[in-house]
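Below, subunit A partners subunit B and then partners subunit C, in two separate complexes.
The block that comes next holds the complex of A and B.
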């Protein structure tokens, strides 16, 4: 029974694929919430109050500076011991929350540099025709910044998809969890991990393609 | 900007509802069912069969205990490294994954009566003739499973730190490394070793006689309702008396592992 078993690889693929909705939905939800939180954090880091900017700089620094696994452990196992109500949160929302917060830190960095990349003249021009700060942001700066940010945000999303691979630790049956359980039952690690690796790769290729189509479309509208 | 603000607010509300929903359903579950955590990756104790169903000795044992104590059993699978975290944070009632009773664990958990008695066993590569007991491990490298009892067992014996211990997250991974020659031996329980040798087809054998006699039980957190633990103990004792344990054991193993 040693050696590579191609048949097992084919057999295990559909079994793993059944868990794909879990992996994808967590990644997509986390990306969505991550974008919202990330944007808010970006604005707060541009605040004129030092205390607020300091705090959110620290937030970004912590969530970029610690492994996702540590954050997941702290949130899912650590917090309920301090605050009992947290123990009612099940593993799915917990994974979404932790991945969203983690992604928001990276997204905030991307957005910050993208906003900085927009020419100062754009701010000045918008303000000079009487737009408020918020209007300038919404109508002039953000649309341009998003175009700059598109590809790096795509990278964040891809890391997020792969980040879901550790969620079996808190009992979530994502594609990695199913691959682990299947390989333990069959003793065929090489095949099961190769299968799950191929699936991650295909997902990544798919979203890379979608992203490049999107960025082509956006660049036809000018600016980049 | 107003639109954006409204969007954020509605999403925040949705999230709040989402969390609230889960907390209510969480309370419902804890009332009439018992949630049992296991790795789902420890054949033949807990694993998924070809149909994708969770099966094994632990599953049968708990289905029977659940029937006897009149509660629905819900199985929760998670990586072994997360199981005690799930127990501590109240997300599962107990762990059924061949958890061995030892002093450190007794400080933190209340254990049910034991349900499995076994010997710790070394597994080595077929061509290894030297390793037969803990003494012969000196100067060698031995693999143990993360969170298992074996590392402490070796440490207690190896006071001069002459044995190199490597911790693995998966038992199967450590066996793979023995067959590849990366480590010299694996210390785990005898039956899991025997089953793995037979089924994996890896070039392995048992190294010597069992090292030490141990027993396994179900851990509960200290503030667990004592009535629940009492009813589980009652079920375990009944299952010993009417031969149910022997039957479950023989279904999965060539011998009765529940025997003292």
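The block that comes next holds the complex of A and C.
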């Protein structure tokens, strides 16, 4: 079992790829929920009540300041000890929940700075024609902030895809999980992990391309 | 139309407005002059509710507002009737010229088709019929400011406030914007214009207000301005004053 077995690499690729829907669906769901939660957190952090602002600053600080794996373990292995009902949660929803919350912290940080990047004059102009604060946010500020945020949010998504790799530690059969099992069965560790690495790389290249096309398209209007 | 009583405003320890009393009649064109930091822009922003006042009262369309306690809802009502044109145009960057103009109408509940008809007409009036679908970044400063004026006109306000409308423009673009403001003046719109352009203020105004250190020093008709004995105003006008006296 020494040396490099190219044939095994070719063989194991389709096996691992079969688990791709698990990886991508977790990443997409987490991105979607992360955006929703992240936006809500961003607004709460802009609240005029200091207690709320503080609390959600802390939220962001904790989830950015601790490893994703630690968060996953606290949620999946730790919480059932305190709240027994949590032990019924299976690994897939657990992974989605933890990744969503983790992503929301990063997304909130991106959105906060993107909103801050919008010229104060845009707020004032919107107010001056009779818009409410909420309308100003929805119609004027957020559309511009999302354009500023597009690339950083894309990076968050790419980190999220790669972050799914650790979900095999709670028993999930994502591409990393399958690679791990295949490698253990064949003792071809190098080939199996190289194969899964290549797959992550290709996914990342794909989404990087999609993002750059998207940002070209958005800048056509000469907006940012 | 607008009456201000004892309007005071602080930025931290700095008193920017020290008890402003002012009365603006319907159809009147008032220009506010004075050096930077005299409080003239702040005065406009307080009227439009973009700055909160520390004290004071505003009467507008027979409604009395306490500027210290005024709520967001009243501010919104006022803003729909008192429009604002900004020094840096502040056009919505992600919207076309036409969308910029009709945005306030749409928010106010006007049907889209109707809003577009109004918007197209307004942009025609400011001479931008060929720029309906241009984004702000594709327009010159003068064109952007004309869109800004059309946007301010869209809600058919009672008053339009101009905060140094031509200060950010290249000299050759100033006249196209001033022409649009002249047009508004001829249509008997009520206007308050903060400006550094003395000649324009002199030409267009019914009244000129000279502010200094948060106080209205002088409130006179243009013709009386040159003969004013106010020392600060004479200093501020400087060479202009000589030019005026040579003219007359």
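Going forward, the second predicted complex is superposed on the first by the 223 of 224 C-alpha atoms of A that agree within 3 Å, B and C clash if a C-alpha of one lies under 4 Å from a C-alpha of the other, contacts with A are read in each partner's own complex, and residues count from 1 in each chain.
In this text, contacts are C-beta pairs under 8 Å (C-beta built on N, C-alpha and C of every residue); 3 or more make two chains touch, one makes a residue touch a chain.
Note that the coordinates shown come from a computational prediction; the quantities given were computed from them, not determined experimentally.
Peer 1: Just subunit B (first), just subunit C (second), both, or neither: which does A:125 touch?
Peer 2: The answer is second: A:125 touches subunit C but not subunit B.
Peer 1: Touch test for A:135: subunit B only (first), subunit C only (second), both, or neither?
Peer 2: both
Peer 1: Regarding the shared-chain residue A:143, is it in contact with subunit B (first), subunit C (second), both, or neither?
Peer 2: In the superposed model, A:143 contacts subunit C only, not subunit B.
Peer 1: Which chain makes contact with more of the residues of subunit A, subunit B or else subunit C?
Peer 2: Per-residue touch count on subunit A favours B.
Peer 1: I'd like to know which partner A:42 touches here: subunit B for first, subunit C for second, both or neither.
Peer 2: neither
Peer 1: Is A:189 touching the first partner subunit B, the second partner subunit C, both, or neither of them?
Peer 2: Touch partner of A:189: subunit B, not subunit C.
Peer 1: After superposition on the shared chain, which partner residues are touched by A:181: those of subunit B (first), subunit C (second), both, or neither?
Peer 2: first
Peer 1: In the overlay, answer first, second, both or neither for which of subunit B and subunit C A:108 touches.
Peer 2: Touch partners of A:108: none, neither subunit B nor subunit C.
Peer 1: Look at A:77 in the shared chain and tell me whether it touches subunit B only, subunit C only, both, or neither; answer first, second, both or neither.
Peer 2: first
Peer 1: Take the contacts of subunit A with subunit B and those with subunit C, and give the residues found in both.
Peer 2: 135
Peer 1: Which subunit A residues qualify as touching subunit C in the complex?
Peer 2: Those residues of subunit A that touch subunit C are 119, 121-122, 124-133, 135, 139-140, 143-144, 147, 221-224.
Peer 1: Which part of subunit B faces subunit A closely enough to touch in the complex?
Peer 2: 1, 4, 7-8, 11, 15, 18-19, 22-23, 26-27, 37, 39-43, 47-49, 52, 76-79, 81-82, 85-86, 88-91, 170, 172-173, 176, 196, 199-202
Peer 1: Spell out the part of subunit A that touches subunit B in their complex, as residue ranges.
Peer 2: So the residues of subunit A touching subunit B come out as 1-2, 15, 18, 32-33, 36, 40, 73, 76-77, 80-81, 84-93, 134-135, 137-138, 168-171, 173, 177, 180-185, 187, 189.
Peer 1: What does subunit C use to touch subunit A in their complex?
Peer 2: It is residues 48-50, 72, 75-77, 79-80, 83-84, 86, 88, 90-94, 103-104, 107-108, 135, 137-138, 151-152, 154-155 of subunit C that touch subunit A.
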